[in-house]
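Labels A, B, C and D are assigned to the chains in the order they are written; within every chain, residues are numbered from 1.
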């Protein structure tokens, strides 16, 4: 599809987007629940040497292990401290259990607690209520979990505070050059995390013509007004996946456990796969055709729906 | 925008829509209502601001209608739009979060600080039955609180429509919100521009009063004062309202509202 | 498309669905924001003579005028008391302004207030906060609008109470026989209103094969677990519209004003178009081909997206 | 379900998954986790409950995977599913509203009332660094509060995993919730069934204690008691746990987990 990326819009390259929007000490959310995890953007943040970030993510995943190991992260705001299916995040554990090589601040919620924090942030509310914390030790662990009195006479209910990241970074299947972003498959809390943020960077598998987006407006998860930078970044979610584009690299997730367990191996991995790789194009090439074949997927197309078009009176008169 | 000027009367829809359209110059996103705002927004896109993003309460963002919309939920707004979001997203994330620059609202009554009544004429307290059941809040109270600024077009200019005191405050200005709770002042400027058949009134300060900014051709300042339910302030640099161009009127009649739904 | 409607599922006819789920005195939400308004279901409720309903709808529209005039409604819970573009609802106004022929209780919010009430109901929360009521007379008019103290030190914030209808009724473009409902175009607050309810009736333009739904799972707004009855009811939203199927009958909306203004005309209209019409099929026939042509729409198809399919190991080995 | 019985050991994944699958008979919707629950759910669909709706924390409802899922966000759960909803809908409307009948959870520690610890081993108060950083709450605290009932499968049965007192209460049982606030008792029953390598323990009462309901073949009741960190109650009608059928084991090995991801 031919797209004139020189036209006005928010299209940029990843290095520029990160340089323009991500500063040391910022609160940055990287969202994508097991799907569309913005690894390419995370690696660019590592390469640019950002420090003291408050890193927000419902499930930290390997991305947290990598960014913590690279020294980008001062504080982790999260709900789950393992890598989906495949074992511990040892860099995170070393920091938390032994302050090795340095301590890591942790602010801990449940998954729904994080979702609620993003919902409050996205709607500019001070807090969001949820039902599940009564009797848990979580509110004692994290004093930012509080209660409010129900003015309708019910029991007190727990609330979590709004989370408003300075920057939210997500990955999606496609966007137009204005920043209207469409995704499908598992949507996680990306819409909330993006609307909650002051600035939003979206990496996409493909930048498409306006008409592709406008042919299916219900598919748009982030309208252009919520997006500050769009970057074409094919395979930018690897080793996680993009529904319909490429599958999760489960083998890599398994390989991560021994890498993560050994700090020297982990630093060597960062050198080889992040610092010494200039950008995602080089990464894709380095991953190699054989590995990409192992995560290739067959086609399974959705149907089309009809949005209809009004008969123009001129036409009707003709 | 230049060109010969039209002599349509100041109370006409064409005049009011053109004056309203000018408020959209340089703005990014407008929350557009039905009726006269539909005309104003369309005219602005065709003349002053081709990149204006049209947002509708129904959840449509970036509409590009192929025909004139007959309501905020018209199918022509959906087909070819950039996005259609559910109402919790529209009200919560688009509007309350602060993505709307200008909101167009209507009203039955407007007070000096720009609070609006769209609920009742007559008494309503203590279970009284009102004289007139107006449409109610709809989304107006949210637009007033959360849009960057608000533009209101009234079809009347008299002390009933511009009273000293509203029968009911549906959509409070920042002044009224501050009086209720000084810590809960909303994000928006509130009403910035009020367009009537006689004049354009503006608020220069978020906590200020409306003042007469321009008077329509053929209307005297004295008439504007006498038609307003309070002792209305007048801007020191009050001028005559600029007339629509012939081209604006032509666009409205021959390209925008060709079926004369809103133009009478 | 051939669908075996004798198979197990929730498919039924409209008379049975209303008889089974809607009882006198219940709280019933009819949602659809200017789009997909469930007129056919409302007319069936009128025909079955339900009384004392608490009728919930963000914008009452003509449907409220008709159901109030038919004597079904004791209480109206709403935010807007006019018919979208085209003028007053005079039956509602007569009741409110003059108790003519009888009073009508009104519980009044704003549009977002109603959305928030449904959101709280759908998530089993006691209330939902919103930012816009400070300084408005709405909280004095409606004492169910209250405030809570922000435990994070901000100003008090207004809240609205959860709305949990006994029944929510919506219309959609399509569903499968299990009750997985898909819609596109303006989605209003249907998802929230349905999840908030104890029981849900959905009328649809078309019941489709399971595979149509499963080819595009992100299009499903109501999963089957949230739906109790699905009714095939083509053109069930007229005189409102169904995106891509038929357009709004704007002429009818304009015709309504004089009908609504004259109680005798209104009762005659109800006799002719509701009481003496046995079902929606008869209504569609009575509306007539010419009028249906006036609301016909041209085709404007969405594209397809690719959901992908994993290579099965067996296939890979072959 | 009849057929010859298998002699796989009680601590084997095949044994535990089959016992867990039986808990899904007659249920409508299960909130399935990764690992052993994946096997149990798949086996239940193939043997006891073909209409079971599979709901995943990732937002997938009515999954019909063409291959075994390697996680709760696996692409095979999405393709061909009945619905994929965003997480606010999944957690708020599907789970918290009460549409899930059975939730499968894992845990590092379970106490006598069925509260779970998935957060820390060791001390954590006053800023102490814990001995072991466990994965944390994830969605477990929401599943415990809002699912109709919960099934937990443990791979250990010893006083460390079944202590008298949890190091951290991540997901409280209704007993713990009631103790914190008698008015805020959650909707769900909490843990109903705990499956370990030695026994099946159940709670009969929403506010009751776990009691030994069945003991696996070759395990003595005395061994179960000695392996539990409190003086565990025993059901008056305690029996021996029914073994998996040969067919269950065959399905697990030859049709469900053909790559032996979870079966070792």
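In this text, contacts are C-beta pairs under 8 Å (C-beta built on N, C-alpha and C of every residue); 3 or more make two chains touch, one makes a residue touch a chain.
Here the structure is a predicted model, which means the values were calculated and not measured.
For the pair chain A and chain D, the distance between mean C-alpha positions equals 29 Å. Chain centres here are Cα means. That of chain B falls 58 Å from that of chain D.
Centroid to centroid, with C-alpha atoms defining each point, chain A and chain C lie 35 Å apart. Along chain B, residues 60, 75, 78-80, 84-85, 92, 96, 187 each make contact with two or more other chains.
For chain A, residues touching at least two other chains, in rising order: 119, 124-125, 130-131, 154, 157, 184-185, 187, 191-192, 215, 218, 243, 247, 297, 300, 307-310. Interchain contacts give a graph that is no line, ring or star and is not complete, per the touch definition above. By the definition given earlier, chain contacts exist for A-B, A-C, A-D, B-C, C-D.
Touching chain A in their complex are the following residues of chain D: 34-35, 57-60, 70-75, 78-80, 84-88, 91-92, 95-96, 115, 119, 124-125, 129-142, 144-146, 168-173, 176-181, 183-187. Within the complex, the chain B residues that touch chain A are 28-29, 53, 60-62, 64, 66-67, 75-76, 78-85, 89, 92-94, 96-99, 187, 258-259. Only residues 119, 122-125, 176, 178, 180, 191-192, 195, 213-215, 217-218, 220, 223-226, 307-310, 312-313 of chain A touch chain B when the two sit together in their complex. Within the complex formed with chain D, the residues of chain A that make contact are 33-35, 58-59, 78-82, 84-85, 92-93, 96-99, 108-113, 115, 119, 130-138, 140-141, 154-157, 184-189, 191-192, 241, 243, 247-248, 250, 297, 300.
Note for the complex: chain A touches chain C at residues 124-127, 129-131, 146-152, 154, 157, 159, 161, 173, 182, 184-185, 187, 212, 215-216, 218-219, 243-245, 247, 296-311.
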